[in-house]
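I have a structure here, written as structure tokens, and I will follow up with some questions on it.
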Amino acid sequence: MSRRKIAEKMIPFIPPIILIATLSFLETITRMEILPSLFFPPPTAVMATLYNMTTEGALLDHLSATVIRLLTGFLLGGIPGMILGMMMGWSTAIRRILDPFVAALHPVPKISSLPIIMIIFGIGFVSRTIVVAVASFFPMLINTMAGVRQIHPIYFDVARNCGASRLQVLRHVVLPGSTPFILAGVRLGLNVSLSISLAVELLLADKGIGTLIWMAWQTMRIEELYATIVTAALVGISIRIFVQLLLNRCVPWATKART
Amino acid sequence: MGFRCKNLGVTYKTQNGELEALEDVSFSVSDHEFVCLVGPSGCGKSTILKLVAGLLDPTTGTIEFDSKPAGDRPRNAMVFQEHGVFPWMNVLDNVAFGLAIRGVPKAERNAIASRFIDRVGLSHFIDSHPHELSVGMRQRVSIARAFVNDPEILLMDEPFGSLDAMTKLVMTEELMGIWSRQRKQVLYVTHDIEEAIMLGDRVLVMTGRPGRIREEIEIPLARPRDLRDRDKSEIVKIKEHVWGILEEEVRAGLRGQHEPS
Amino acid sequence: GDAPERKKLRVMNSPYMSWAVIHLAKANGCFDDLGLDVEFVVMRGIREGLPALAQGRLDVVPGFITPGYVNLMHRGANIRIVADKGHTESEGCPYRAFLAKKELVESGRLDNFENLRGLRIAGERTSTSYYALSSLLRKGNLTADDIVWLDLPTPAKQGALEAGTVDIVNASEPWITRIVQSGAGVIWLPAREVVPGFQHSFLMFGPSLLEKDREAGMKFMVGYLRGVRLYNEGKTDENVRVIAAETGLDEALVRDACWPPVRETGYYDTESLLTYQAWALEEGLIDGLVPVEGFWDPAFVEYANRFLTEEN
Amino acid sequence: MSRRKIAEKMIPFIPPIILIATLSFLETITRMEILPSLFFPPPTAVMATLYNMTTEGALLDHLSATVIRLLTGFLLGGIPGMILGMMMGWSTAIRRILDPFVAALHPVPKISSLPIIMIIFGIGFVSRTIVVAVASFFPMLINTMAGVRQIHPIYFDVARNCGASRLQVLRHVVLPGSTPFILAGVRLGLNVSLSISLAVELLLADKGIGTLIWMAWQTMRIEELYATIVTAALVGISIRIFVQLLLNRCVPWATKART
Amino acid sequence: MGFRCKNLGVTYKTQNGELEALEDVSFSVSDHEFVCLVGPSGCGKSTILKLVAGLLDPTTGTIEFDSKPAGDRPRNAMVFQEHGVFPWMNVLDNVAFGLAIRGVPKAERNAIASRFIDRVGLSHFIDSHPHELSVGMRQRVSIARAFVNDPEILLMDEPFGSLDAMTKLVMTEELMGIWSRQRKQVLYVTHDIEEAIMLGDRVLVMTGRPGRIREEIEIPLARPRDLRDRDKSEIVKIKEHVWGILEEEVRAGLRGQHEPS
């Protein structure tokens, strides 16, 4: 009992400990040149570079460009994905009509279709945003659909029995009932959007974390490469924290019941 | 505002073929009548309520509502056997749900809902979510929600089944009060024969699967009735009669020998 | 009097060393007095750039030869090569070369091209890299099936050579300098030995400058040739600084690297492209041959040369 | 009633009708050159190309190379993702320890880390497969985790009360209880793996649909490009059908209850 | 193989602060004893069963089991108030679940499970999944599962609450048979006071929240008892007594005035 409680108290400290241990290990083997130093700089060197890029370089500028791209794309893709997912989860007819198209369009390779999108929508902001939006559209759609389908049918009965219109069922049953899965979709969608944002920047932009990655490869400044990847990871952690806050706020009934 | 069920039949499609749940069920509930439904477990009582509520389409047969054009349905409120309390809403929002749907302003609907939450003894839990409630407390939320909706037809599926004897009595008194003050039709499923007799104007006794109405019993007790006085000889007599039917049906079912007779 | 209205040109930009002429021209204000505002549009692949050029969404694309370019013109797209941007040198340090481990070169095995059989050779999947390889193999009467051809991203080539997981890599600057300086490999064979005089890099105009506003195209070419002159001044401090700034490379590396030659007149070696087309047709990469007048529009360099001579 | 039934009978025909209508429309406007024919070939031309590539070209060879890459990657990434997701969904402690790392690693751009992976794992099959595996690892993990967390706690109580060991709880409660979401994860994971397989082939491989896409871009043979993308879409539809079969087989209790 | 609960207290952490569900609950169940638990809705009956089953750790207090080293727990089977029938298993697999867990070979466990499925009258539904069953049928699956597990301690939370009167009687007879043939301890939560008296050796009557044991009543009826004969004067007397307690507790709770007395 009390030993278990102590163990529980320890948990928040374990991830940092693992992180520090891994970094120390990497530091040692890179300093000893067990790994080729050309491609594996010591973590402290990466951290120093990260610090320099933040204070002297324009890392924060690039970061904010990426975050804006990511959020714009996610909002433009994720919200329609969620709405369509709710409708497809809810109505068998809509699902059966649209699902083949979703299935066919989802795997169309995004980055290699970018030129086609640019042919249609031009070389500017629109094309780039569309690709990012499309990337988050599908995880949101598929997760929301699965989430709606797991709602126990009795809740639909109750809502109908209380006289709810279709829109009200959507608002009061479909949406809250699938929130945990929508949020899993948000997490996946944001991360996918981030990946695709980076890929787009790698190809097309003069600003953003992806540009930095490209530049780091091109100039073989490996410390900068890792520093940039660490930045992407930090964005990922922020996404995680954001989704957790949403979870705590929107579905206390689900998290409290199960934590 | 009564309604008539005519030759209702329901066949469920299941993994293992079709299952005939109801066969040729006909009955009617007239204006301001309180009708109880008893029958062996799995005979189709919940199915009948869902048909009346319009949540399920009958495979055969029709339901007609008085003074409504065909196809239209008066407002009804169901107390579901499985409660169906929304896990994502607190007690207040669950109870006020029907009012919210009808667009009643927040302050007003919360006031109404609070009053009913009080009556079912959950005022301490008005902000709680369902997973923090006991089973009986959840059932009371579901009862309050149905009362708040103030329907023309009340459909109650074993509404007090998860309540202790005393709470059940209080809730039943509440129900009878509402029913006698307002002109409502009630269709009430119960497992408790005594209760059916105490509450109903009529008791419908069902056969085992596929469910049919085996007997309709008029209850000749005067109103208002004293819910605590259950030992009157009329009651005991009817009870023994119903008990006899049920015994036959249940024994047949348990022996797996029940075939359409 | 009235200031003449300025014309905005959208030029595809990639921070590669072979873009140096345009970077120098823009940085030194070569377009300013011509009434041109050059806007760089970042795109790092010809895949995105070519369609945009053909649609008139980009005005100028500095690029390199791909089968796609030939095929687009073959289908009637109005895009033309208008100037040299870099060709294979005839002497001196190589801009593109095959590199190998030092021991392999010293062992003498590579002296005979037939001995390439079975070796692991890495390059990029661009057709220019493949063109060089294919020409190399022909010298030893080999085909791509006789060797192990590895597609590697450029940074991985250096690591692979170092780790000994490949025998030969095909690379261009600044990677050649990097590999040589790191000791991972040495230059074995400059590209000029297999594709002499190859016109690997050029400037392209699309319909916006070829049809709609040839005058702006002419002006742009004047600015461009000014840039070529600056470029041909060689590794001056100013040139090194601009190129390093535009490509993000260290100044030392820019100085050490080999700069590909660009003709001062901007004229383009049409013969080289015909040779390339013949090869590509044989390989099944293009649908048909495009004649010189179909891919080369000399009017712009002619005008610019005249303009510049008059100016002096 | 009977009108509703007729409408229901119609549903399976609607997607093909939409498809044919869209294609006819495209055929018309491309033939009329409303869109530039340079980049928008008529659908019939694309179909003819697809037919040629199948019969004369090596489309099927390339397709099978991609499918093998996709499946290998998915099995190597998806199954560990599922197992880890089950454990993280089930145990708060494991979740709290590992989730920060998942959050940090998920958005690390896969394709642009490929050179590093190649330096660590060599230039061969392994590196390419790792990238595809990692791509399906995360959607499987995140969906499985969300799926496990939605299992009603009473089922864990029942299993414990019947004396189930941790492994048995995993087998009899966690796994079946989260199947609908695992399958949503399978669908997402397979599609992401397909996208990443194509991206890897686009960069590196000498076989596969991605290679064909690369070739088509390189030679600007636009019909081939579209034909190849159509092939990718067909793979997507196969994935959808496969997942539907799994759903019907593994979770009749969930689909039958809700269709 | 009895057990003793000592000063059990449970405090739930909720959104709106802490909720004291149980306070200082002590009682014991001795060898082969049948103990019933009654009390107002939400007083903590289910919580007590979960403590005994080891599914919940008490905030304070301990439970000791006879002839088991401290911390160890004899096999117990619970019939959950919410049934807890796995939706992903058919009836057979649900009922055979405990045997499967213990590694009983498939043929054998299916044979045993089928026998019990027969006894609860579900042999027609052996292949069905829970969503194809009525509520009462699901409850019977859950009862059969507990019986099949053949535990030393049976914990039953309103086990027959969703069954019609007759089916309930049959099931109760089954339970009494099992209990008297095998030496088991039973802790039985019910809302039906009469039932508690008919079945129990002792009846524990609880207060409202926070739940405490207000009174322990020995039932002086001889065994075997005739479950149908509920009108004996002893029974009626005890029933009235319990009813009185419950009324007090429930009225206090409904008025929201219940404070620790």
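In this document, chain identifiers A, B, C, D and E correspond to the written order of the chains, with residue numbering beginning at 1 in each.
Everything that follows uses one rule, which is that a residue touches a chain if its C-beta (ideal position, glycine included) is under 8 Å from a C-beta of that chain, and two chains touch if they have at least 3 such contacts.
Small disclaimer: the values here were computed from a predicted structure and weren't measured.
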item: Labels of chains that are neighbours to subunit A and to subunit C; value: D
item: Greatest separation from subunit B - chain, by CA centre; value: C
item: Centroid-based (C-alpha) most distant chain relative to subunit E; value: C
item: Two chains sharing the most C-beta contacts; value: A-D
item: Distance between the centres, which are taken as Cα means, of subunit D and subunit A, whole angstrom; value: 17
item: Distance between the centres, which are taken as Cα means, of subunit E and subunit A, whole angstrom; value: 47
item: Whole-Å gap separating subunit C and subunit D, where each centre is the average of the chain's CA atoms; value: 38
item: Subunit B and subunit C, separation of their C-alpha mean positions in angstrom; value: 83
item: Shared-contact residues (touching 2 or more other chains) in subunit E; value: 15, 82, 129
item: Junction residues of subunit C - those touching two or more other chains; value: 47, 51, 55, 153, 155, 159, 163
item: In subunit D, residues with contacts to at least two other chains; value: 39, 115, 119, 214, 217, 252, 254, 256-257
item: Residues on subunit A engaged by subunit D in the complex (per definition of touch); value: 7-8, 11-12, 14-15, 18, 36, 39, 92-93, 96-113, 115-116, 119, 138-139, 142-143, 145-146, 149-150, 153, 180-181, 183-184, 187-188, 191-192, 194-195, 198-199, 202, 210, 213-214, 217, 225, 229, 232-237, 239-241, 254-255, 257-259
item: Subunit A residues within the subunit B interface of the complex; value: 154-155, 157-165, 168, 172-173, 176-177, 179, 251-254, 256-257
item: Residue ranges of subunit B touching subunit A (in the complex, touch as defined); value: 50, 53-55, 75-78, 80, 82, 84, 86-89, 97-98, 100-102, 129-131, 145, 149
item: Subunit B residues within the subunit E interface of the complex; value: 12, 14-16, 19, 38-42, 44, 46, 81-82, 118-121, 123-124, 127-129, 132-137, 140, 158, 161-168, 170, 191-193, 243, 246-247, 249-251, 253-254, 256
item: Interface residues, subunit C side, partner subunit D - complex; value: 47, 50-51, 54-55, 66-69, 71-72, 75-77, 122, 125-127, 149-153, 155-156, 159-160, 163, 165-166, 285-287
